[in-house]
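Here come two complexes built around chain A, the first alongside chain B, the second alongside chain C.
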Partner chain A sequence: MQEHILSILIFFPALAAMLGFVVHKDSARAYGITVAAIEFFLSLWLWSLYDPMTSGMQFMEMAPLVSAFGISYLVGIDGISLFIIILSAFFTLIGIASLTEKRRVKDLIITLLFLEMTMIGVFSALDAIVFYVFWELSLIPMLYIIGAWGGPLRIYASIKFFLYTFTGSLIMLVGMLFMAYFYYQATGQWSFSLLEWYRLILPVNFQMWLFAAFFFGFAIKVPMFPFHTWLPYAHGQAPTIGSVILAAILLKMGTYAFVRFSLPLFPDASVAFMFPIAILAIVMIVYTAMVAYAQEDIKQVVAYSSVSHMGVIILGIFAMNVEGITGSVFLMIAHGVVSGALFLLVGVIYDRRHTKLMSEFGGLASVMPRYATIFGIMMMASVGLPLTINFVGEFLSLLGFYKQSHSYTLVAGTAIIVGAIYMLSAYKKAFFGTVTKEENKNLKDVNRTELLGLVPLVIVAIWLGVYPKPLLVPINNSVEAIVQLMHDKAQTAEAKQRIPDLAHSAGLNSTQEAH
Partner chain B sequence: MEVYLYIALFAPLVGSLFAALFGASPKTVITGLVTSGLLFISFVSSAFLLSYVMSGHTVHVEMMTWIAAGDLYIPFGFVVDQVSVTMMMVVTIVSTVVHIYSIGYMDHDKGFNRFFSYLSAFVFSMMILVMSDNFLGLFIGWEGVGLCSWLLIGFWYHKESASWAANEAFIMNRIADLAMLIGIFMLYWNLGSLQYDVVFANIGTLPMHIITWIGIFLFIGAMGKSAQFPLHTWLADAMEGPTPVSALIHAATMVTAGVYLVVRANPIYSLIPEVGTAIASLGAFVAMFAATMALVNRDMKRIIAYSTLSQLGYMFVAAGLGAYWVALFHLMAHAFFKALLFLGAGNVMHAMHDELDPFKMGGLKKSMKWTWILMTLASVALAGIYPLAGFFSKDLILEVAFVEHHYVLYTVLLLTAGLTAFYSFRLVALIFHGNERHLEHGIHPHEAYTFVLYAMAPLAVLAVIAGMAFKTPYYLMVTHLLPAVTYHIHNHTTFWIMTIGTQLFVILAIAYAYKKYAKAVKVDKKVESGFFYQLLYNQYFIPKIYDEVFSKPYLKLSKLAWKEIDLKIVDATVDGIANMIYQTGEKTHTMQNGNLSSMLRWMVIGLVVLLVLAVAFTAGYNAVNLQAM
Partner chain C sequence: MLAPISISLASLHVTTMAPMLIAIAGALAILCIDLMKEGLHKSLYVMVSLLFLLLDLGAVIDFGNIFLKNGSVLGMFDMMLIDGLSILSQIIIVAGSMLFIPLAMTSKRFHEYNYPEYFALFLFMIAGFQFMVASDNLILIFVGLETASLALYTLIALHNRSKSFEAAVKYFTMGALAAGFFAFGSMIFYAITGSVEINQIALALAKDEYVNIGFVLIAVVFLLAAIGFKLSMVPFHTWTPDVYEGSSAALAGYMSIVPKVAGFVIAMRLFEFLVHSGVVWLQVVLYVAVVVTMTASNIWALVQNDVKRMLAYSSISHAGFVMAAILIGTTQANTALFLYWALFSFTNLGAFSMLWVSRQKNLIPGQSSDHPYEKFAGLVKTMPMAAVMIALFMLSLAGIPPFGLFWGKIYMIGSAVSGGYTVLALIMALNSAIAAYYYLKLIVFMFMKEPIAEYQKYYLMNASLSLKTIIGIAAIGTIFAVFAVNPLLKVITLFVYNSGY
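Up next, the complex of A and B:
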C-alpha cells in the first residue's frame, strides 16, 4: 500500500465523492467528515513515511498514458509539496466539519471531495500534462461552489474567476507544449516528465519566452498584480467554505508552480526577470495593503490581505537562495492556515448577522469574547508576530531577498507596517468601542461546531510558530536541491552569481540531487 | 543554575496562562494572587542568578532550535550575564510590585482576570527580550512586549481613545521594527550568525560603512520602543491604559528596551563613535524637548510620561557617549522612582474618581498622607537631590557629558535637570498642597488600601538607597561585560562647584514650583494664550502634523487606490478586454453564416495569411542547438 499511497491520496476522495451520490442526504455530513478524516490521516501517514533527509522525489509512481508523446501518469512528492498536500487534506476536513451551509449540503460535500482530488493531484503531479489536467479540473468545483452557493453577484464572479484563470492556463499550456517540443528536439523523444525537463538546458532567449508563457498561468492564479481583480469578486461572492479553500490552498498552486516549474526550468530567465517580478511583488504588498485598509467589508479586508501576503511569498521565491525559497514555501503553509482561519472567522459573524460590513459591528469583544480572542490571535499571526506561524515565513522570505537587493527589501519590508495598519484598524472597527447596534447585543459566542474548526488552526498557528523545525527540515533539503540544480544549469554570469553554489560553499552539508 | 534561569523566565508565562483560563469569567482574586506569587518566584530566582553572576560566572543555555534554514540557525538560547541580570532584577522587582498593587487598583474592574493575564504575558515577553542570546530572540520579546502593550493600552477597549492609542503605539513601533529587521538582515548576511557572541566577536572585521549602517538601523529600532523623537507621540497617548500598566510598561521596563539594545550592542557602537554622538545629541534634544512639554501639561499621567521620555533621553546620552554602564545604571534607578511616581499617581486617580487634571485637585496631603510622602520621595529622587537615587545616576550622566567635552550636551542636560525639578514639584504642589479644589466637584478623596501602600514600599526604599548602596558593587559587576570607564572630574574645585551648583539650581527650581503652585493657583490668561504656551501645550503641534501629513493622506490615498485605481483602471481594463473579445465574436460570427461561398472566401484569406506568416518566420528561424544535462 505504501508504494501507491499518493494515488490513494489523490483518488480516494474522488471515489468517495462518487459513492457519495448514493448516500442519504441526512448522513452526507457525517459521510463527508469520515472521508475527509480518513484522507487527512492518510496524509499524516504519508508524512510519517516521508524521509526528511532525502531531497529528491519520494513515493514516485509511473504509468504510461500516451507513450508516443511521452505523457505518463507520474506522481511523486518532495519536501516542497508534502506539506501543501497535508494542508489540503487538513482544510478539506476542517471545512466540512465546520460547515454551516444549510442548502444542498450533500452536493456541496461531493464537490469539496472532488476539489480535494484536484488539489492533491496538482501538488503531486510530476508530469506536465497530468499537472495541467488537475490544474484545470480544480476550476470546475470552485466555479460550482461560487456559482451555486454564492452571493447575489455569484454568476458574474464565477464566470470572471473561470475565464480569467482559464485564459492564463491556456497560455501556460502552450508553453508546456513548446517545452516538450524543445525536449524532443534536444533528445529525439517526447517527454512531459518534469524530472526529464529539469535536465534540459535551454538557450536564454527560449527561456525568456517560456518563462513568460508559464508566468501568465501562474501569476493569474497567485494572483499577482495587476491580475488580481478576480479575487475580491470571487471572495466577495463565494460562501465561507469556498473562500477558505480558495485562499488556503488554490492560490498556493500559483506560487508552488513557480518553485516547481519556473525556477528549475528557467534559471537564467528567472534571474533576468527577478527585479521586474520583485517590483510587482512590492506593488502587491504595499498597494493591496492600502486597498485593504480602504475596505468597508471585513471579508474584502481579508481577501486583499491575501494578495498582500502572496506578494511576500513571490518575493521569497525570487530571492533564489535557500533562505528565501524555504521561507516562501513555509509561508505558503502559514498563509494557508492563517487566511483560512480568518475566512472561517468572517463566516462565523456572517452566519449570525448576514452582513460583512464593519460599520454594522463594533464592540463585539464584549459580546463575543471567545470569538474576539481567536480572531485576535489569528490577526496577530497575520501581521507576523514572532512565535506565530507567519513570522517564520515572512522573516525568511525577506531575509532571503535582502541578499539580492537592500533597497527592494526595505520597501517590501513595509509589509509589516501596512499589514498592521489595515488589520488593527479593521479589528478596532469590528471588535472595540461600544455596542451600538441593537442586533449585536445578544449575539451568541462561537459554538462547538465552529470551535471544532478554529481551535486546531489556532494550535497549528502557534505550534509551528514556536517549533517550525518539523516543516523546515524537509523543505530546506528539497529547496537546497533545487537551488543547486539552478546554479548548475545557469548560463549567464549574473545567474551564476545570484544563485548560490551550495556544493562549493564551505561548511555546508547540502544534500544534492544526483543527476 | 539553569533551573533558576528557566524558573525566572517561565514563571510569568505560567501565571499568564493560568489567568487566561479565567479570562472570560468574573473576577476571582486568585488570578491576581497566583500571578503575583509566580512573579515573586521569578524575582527570587533572578536574585539567585544575580548572586551567581556577582561571583563572576554567567549562565548560557540553549533550549531548542527555533528557525534553521540554509545557513541560518537560530535557537531559543538564553544568557544570564551582568547586563541581562540587571534587567531581570529591574523587571521582576517592578513587576512584582505592580502586580500586587494592581490587585487593589483593578479591584472593581470587570476585566480583572484578563488584566493579570496580559500583565504577566508582558513580563514574560520582557524576560525573553533581555535574556535572549541572539538578535532574533530579542526581536521575539521586542514584538511580544509590543503586543502586550497594545493589549494593555487598549485594555478599556470600549473607549475610542484607548483603542486608537493602542493602534498608534503598535503601528509606530512597527515602523521602527522594520529598521531593526533590516539591521538584523545586515548582520546575518555579513556575519552569517545572529548570536551575540559570534556577532560581537566578528563585527570588527566588517568595513566601516556597513557597521555604521547596522548601528543606525538597530538604533532606529530602539527609537521606536524608547519613543525617541520623531517616534515619540505614542508614549503620551499610551497613558490611556490603566495606571499600573503605565508604571510597569511605559515607564520602568518596555520603554527602556531601546536603551538595553544599545547597551547590549555596545561592541558595535564602540566602533562607530560618530553614530554614538548622534545618539547622544538626539537623546539630549529629547530630554529637553519632552521636559518642556511637561511644563504646561494639565494631565497628571501625561506629565509623568513626558518626564519618562525626558529621562530616556538622558540614558541615550550616556549610551551614545560610550558610558554604557552609566546608561544602564540610570535605567535601573529611574525604573524604581518612576514606577513609584506612577503608582502614586494611580492612588490619586482612584481617590479623585479618575480625574487627571491636577488643577482640579489640591490639598490632598491631608487625606492621602502616605501617597503624598511616597510621591514626594519619588519626585525628589527624580530631581536628583542628594542622597537619593537620581543624584547618583543622573548627575553621573552630566559628568559624563562634561568629561567627554560635550559642553553643549552638558548645558542642555543641566537646564533640563532644572525643568525636571520644576515640573515634578509643580505636580506635587498642585496635587497635595493648596486649596482642596476638588471639593467643588463633590469628590471626597480617601487613601489607597494599606496593602497597596505596603506594596509600594520596596520601590520607595529602592528610590532612596539605589544610588548610594548599589553604585559601587554594580559598577564592579557590570564592568566585566561593559567597558569600564570611570568619569572623574580631576579638578576638585570644578567637581564641587558643579555638584553644588547643580544641586542649588535644582533646589531653586523646586522652590519656585512650590511658590507658584503650593498656595493659591492663579491662572494667568495672558501667558496661557501666548504662543509658547500654546506651542508646548499642543506638544509642538506634532500629533496634529502627523495626523494631517501621514494618517489622513494615507487613508485618502487608500480609498483612491481602491475606488479609482483598482476598480476603475485595473479591473475595468480586464472587463474591457473581455468585452472586446466578446464583441469581436458577436461581430464576426456572421463569417460562419452558413453561406458556402462566403465561408470559402474567408478560408482562402486565412490560408494565405498563414502561409505568409509561415514563410516569414521559418526564414528567420535557425534551429538552435539544444543540449541535455
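Up next, the complex of A and C:
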C-alpha cells in the first residue's frame, strides 16, 4: 500500500465523491467530513513515511498512458510538494467541517471532493500532461462553486475566472508541447516526464520563449500584477468555502509551478527575467496593498492583502537561492493557513450579518470577544508579526532576495511593513470603538462548529511560527537539489554567478574543516 | 476496329468493392422487405441496417489485415484504391453510421422513420461515402460524392418540417454548385495532365515541373471550393447552421462527422502532394482558410441563441482545426486528423443525442427555435444525470482534459509544433479558449440558473433504451478516451504511414 499511497491520496476523494451521489442529502455533510478526515490522516501518514533527509522524489509511481506520444502517469513528491498536499487535505477537511451553506449541500460536498483530487493531483504530478490535466480539471469544480453558490454577480465572476486561467494555461500547453518536441529532437523519443526534461539543456534563446509561454499560465494563476483582475471578482462573489480553497490552495498552484517548472527547466531565462519579475512582484505588493486600503468590503481587504503577499512569494522564488526558495515555499504554506483562516473569519460575520461592509460593523470586540481575538491573531500573522507563521516565510524570502539586490529588497520590505496599516485600520474599523449599529448588539460569538475549524488554524499559525523546523528541513533539502540543478544547467555567466553553487561551496567548507 | 480486350476476372479485384456492395445490398434488401410486406415497425429496419453495416465493417477490417500484410490494393481497372487512408476513413464512416442509426429508435413517433426508404437511402449514402474515400480517381470520387449527397438531401427533407424543406433545398442548391466546381476542377486537371487519377496527375505535374502552374492554381481554386463546401470551410460554410437547424438533431450530428471525414480524405489526397511540392500559393490559401475557419466560426458561435446552431458553428470550427493537418502535411499531422475525428465522433454523437432526446414536437409560445439555451436552464435541479452528461460532452468539445477531444487536440497542436508551424499552434490553442466560452454558456445555463417550468416535460421525452445506450457509449468513449488513445495512435500511424502520407 505504501508504494501506491500517492495514487490513493489522489483518487480516494474522487472515488468517494462518486459514491457520494448515493448518500442521502441530510447525511452528506457527515459523509464529506468523514472522507476528508480519512484523506487528511492519509496525508499525515504520507508525512510520517516521508524521509526528510532525501532530496529527490519519493513515492514515485509510473504507468504508461500514451506511450506513443511519451505521456505517462508519473507521480512523486519531494519536500516542496509534500506540505502543500497536506495543506490541501487539511483545508478540505476544515472547509467541509465549517460549512454553513444550506443550499444543496450534497452537490457542494461532492464538488469539493472532486476539487481535492485535482489539487493533490497537481502537486504530485511529475508528467507535464498529467500536471496539465489536473491543473485544468481544477477549474471546473471552482467554476461550479462560484457560479452556483456565489453572490449576485456570480456568473460573470465564474466565467471570468475560468476563461482567464484557461487562456493562460493553453499558452502553457503549447509551451509543454514545444518542450516535448525539443526532447524528441534531442533523444528521438517523445517524453513529457518532468524528470527527463530536467536533463535537457536548452539554448538560451529557446529558454526565453518557453519561459514566457509557461509564465502566462502560471502568472495568471498566481495571479501576478497585470493579470490579477479576475481574482477580486472571484473572491467577491465566491461563497466562503470557495474563497478559502481558492486563496489557500488554488493560487499556490501558480507559485508551485514556478518552482517546479520554470526555474529548473529554464535557469538562464529565469535569471534574465529575475529583475523584471521582481519589479512586477514589488508593484504587486505595493499596488494591491494600496487598493486594499481603499476597500470598504472586509472580504475585499482580505482578498487584496492575499494578492499582496503572493508578491512576496514570487520575490522569494526569483531570489534563486536556497533561502529565498525555501522561504517562499514555506510562505506558500503560511499564506494558505493565514488567508484561508481570514476568509473563514469573514464568512463567520457574513453568516450573522449578511453584509461584508466594514461601515456596518464597529465595536464587534465587545460583542464577540472570542471572534475578535481569533481575528486579531490571524491578522497579526498576516502582517508578519514575529513568532507567527508568516514571519518565517517572509523573512527568509526577503533574506534570499537581499543577496541578489539590496535596493529591491528594501522597497519590498518597507512595503510589507507599511502593508500592516491597512490590516490594522480595517481591524480598527470593524472591531474597536462603540457599537453603533443596533443589529450588532446581539450578535452571537463564534459557536462550536466554527471553533472546530478556526482553532486548529490558530494552533498551526503559532506553532509553525515558533518552531518551523519540521517543515523547513525537508523543504530545504529539496530546494538545495533544485538550486544545484539550476546551477549545473546554467549557461550564461550571469546565471552561473547568480545561482549559487552548493556542491562547490559545501566542498569548500569541508576542505576548510579538513585543514 | 477495336482490338478485343481480355482481362481476367481475378486481376479486377472485384472484392475491393465488397464493402460498398454490402451496403448497397442492404439498401436493396430493405426495399425488397418493404415490397413483400408493408407497415413493418422501424425497429426491424434499424436492425437490418445495423446487420448490414456490421458486415460492411467486417469487410473493411478484413481489408485492414490485408493492407498490413501486402500494402495497398488496386482494383476495378485501378479505379478502386484500398490504402490505409481509405480503410481508416471507412472504419470511421461505417462505425459512425452504426452509432447514429439507432437514434431512430425514439420513443415518440417521427414521420421519416415510418418510411423504409429512409433506411435504404441511409445505406446508399454510406456506400457513396465509401466510394468517395476508396478511390484515387476523380470521376469515381465525384460519383461517390453525388450519390451520398443526393441521398443526404432527401434524408433531410424527410423530416417534414418547413425548416427541413428549406434546409434540404438550400443544401441541394449549394451542393449542386459545389458539384459543378468539382467537375470544373477535375476537367482542368485532365486538360493539363491527361489523367483523372490523382497519383498520375501528381506524376505528370512533377514531370513537366509545374509549367502550367496557372492552370493548376485555377483547378485548385475550384476543387478547394468544392471540398471547402463539403467541409464547411469559411467562406463556403453559410449553409451549415441553417441545414443543421432544419434537420433532426440525429441527422445533424451525423452530418457533422461522417461526410466530413470523407471530405478530409479527398482533401488529403488532392492537396498534400501540392503542398509538399512547394506550391506556396496553396500553402498560403490553406493557412488563411484554416485560421479564418477556426476563428470566425468561433466568434459566430458566441452569439448564437440556439444550442443546435451553436453546435453547427462549433463543428465548423473543429473542421477548420483539423484542416490544419492538411496544411502541415506530416505523418504525425495526418495521424492526428484521424485520431481527432475518431474522438470527435464520440463526443459529438453524445452532444447531438442529448439534444435529440429532448426534441419537442411543437414549440411553446415565445420559443424561437428547437433548442434555445433557456430550455436547458436549471437542468441540474430537475435531471442531474442528464445535466452532467451534457456538461461532459461540452467540456470534451472545449478540450478540457482528460476528456476525449483533449487528446486529439494536443496531438494536433503537437504536430503543428513539430511541423514548424509555431504561430498556427498558438492560434489553435487560443481558439480553444474562445470556444470554451460558448460551451461554458450551456453549462452555466444548466448548472447556475433556475429551471423554467414549461420546458421540463420535454427533457428526455424521446429517450428510449437504445438512445440511452448510445448516449452511454458516447459518454464512456469520452471519459475513458485516455486509455484508447495509445492503441488508436499506434494503429492509425501504421496505416497512415504505410499509405505514404
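One rule holds for everything that comes next: the second predicted complex is superposed on the first by the 504 of 515 C-alpha atoms of A that agree within 3 Å, B and C clash if a C-alpha of one lies under 4 Å from a C-alpha of the other, contacts with A are read in each partner's own complex, and residues count from 1 in each chain.
Here, a contact is a pair of C-beta atoms (placed from the backbone, for glycine too) under 8 Å apart; a residue touches a chain by one contact, two chains touch by 3 or more.
Remember, it's a predicted structure, so these values are computed and weren't measured experimentally.
Peer 1: Quick check for you: in the superposed arrangement, does A:178 touch first (chain B), second (chain C), both or neither?
Peer 2: second
Peer 1: Name the contact category of A:403: first (chain B only), second (chain C only), both, or neither.
Peer 2: A:403: touches chain B, not chain C.
Peer 1: Counting residues of chain A touched by each partner, does chain B or chain C come out ahead?
Peer 2: Counting residues of chain A touched by each partner, the higher count goes to B.
Peer 1: Does chain B (first) or chain C (second) touch A:276, or do both, or does neither?
Peer 2: Neither partner.
Peer 1: Which partner does A:140 contact after superposing on A: first (chain B), second (chain C), both, neither?
Peer 2: Once the two structures are laid over each other on A, A:140 reaches chain C alone.
Peer 1: Where does A:151 make contact in the superposed view: on chain B (first), on chain C (second), on both, or on neither?
Peer 2: In the superposed model, A:151 contacts neither chain B nor chain C.
Peer 1: Is A:470 contacted by the first partner chain B, the second partner chain C, both or neither?
Peer 2: neither
Peer 1: If we overlay the two complexes on their shared chain A, which of chain B and chain C does A:363 touch? Say first, second, both or neither.
Peer 2: Only chain B is touched by A:363; chain C is not.
Peer 1: Considering only touches as defined above, state whether A:163 meets chain B (first), chain C (second), both or neither.
Peer 2: both
Peer 1: Taking the two structures together, which residues of chain A meet both chain B and chain C?
Peer 2: Touching chain B and chain C on chain A: residues 163.
Peer 1: Using the touch definition from the top, list the residues of chain C that touch chain A in their complex.
Peer 2: Contact set of chain C toward chain A: 380, 395, 400-402, 406-407, 410-411, 413-414, 417-418, 422, 425-426, 429-430, 432-433, 436-437, 440, 443-444, 447-448, 482-483, 485-486, 489-490, 493.
Peer 1: Which stretch or stretches of chain A touch chain B in the complex?
Peer 2: Spelled out, the residues of chain A in touch with chain B are 163-164, 182, 185-187, 199-203, 206, 225-230, 287, 290-291, 293-295, 321-323, 326-327, 330, 363, 365-366, 369-370, 373, 380, 385-387, 392, 395-396, 398-400, 402-403, 406, 409-410, 413-414, 416-417, 420-421, 424-425, 428, 431-434, 466-469, 472-473, 475-476, 480, 488-489, 507-508, 515.
Peer 1: Going by the contact rule at the top, pick out the chain B residues touching chain A in the complex.
Peer 2: Within the complex, chain B contacts chain A at residues 23-24, 64-72, 136, 139-140, 143-144, 147, 150, 154, 157-158, 160, 163-164, 167, 170-171, 174-175, 177-178, 181-182, 184-186, 188-189, 554-555, 557-559, 561-563, 565-566, 570-571, 573-574, 578, 623-624, 626-629.
Peer 1: Using the touch rule from the top, collect the residues of chain A that touch chain C in their complex.
Peer 2: For chain A paired with chain C, touching residues are 64-69, 107, 129, 132-133, 136-137, 139-140, 143-144, 147-148, 154-155, 158-159, 162-163, 166-167, 170-171, 173-174, 177-178, 180-181, 184.
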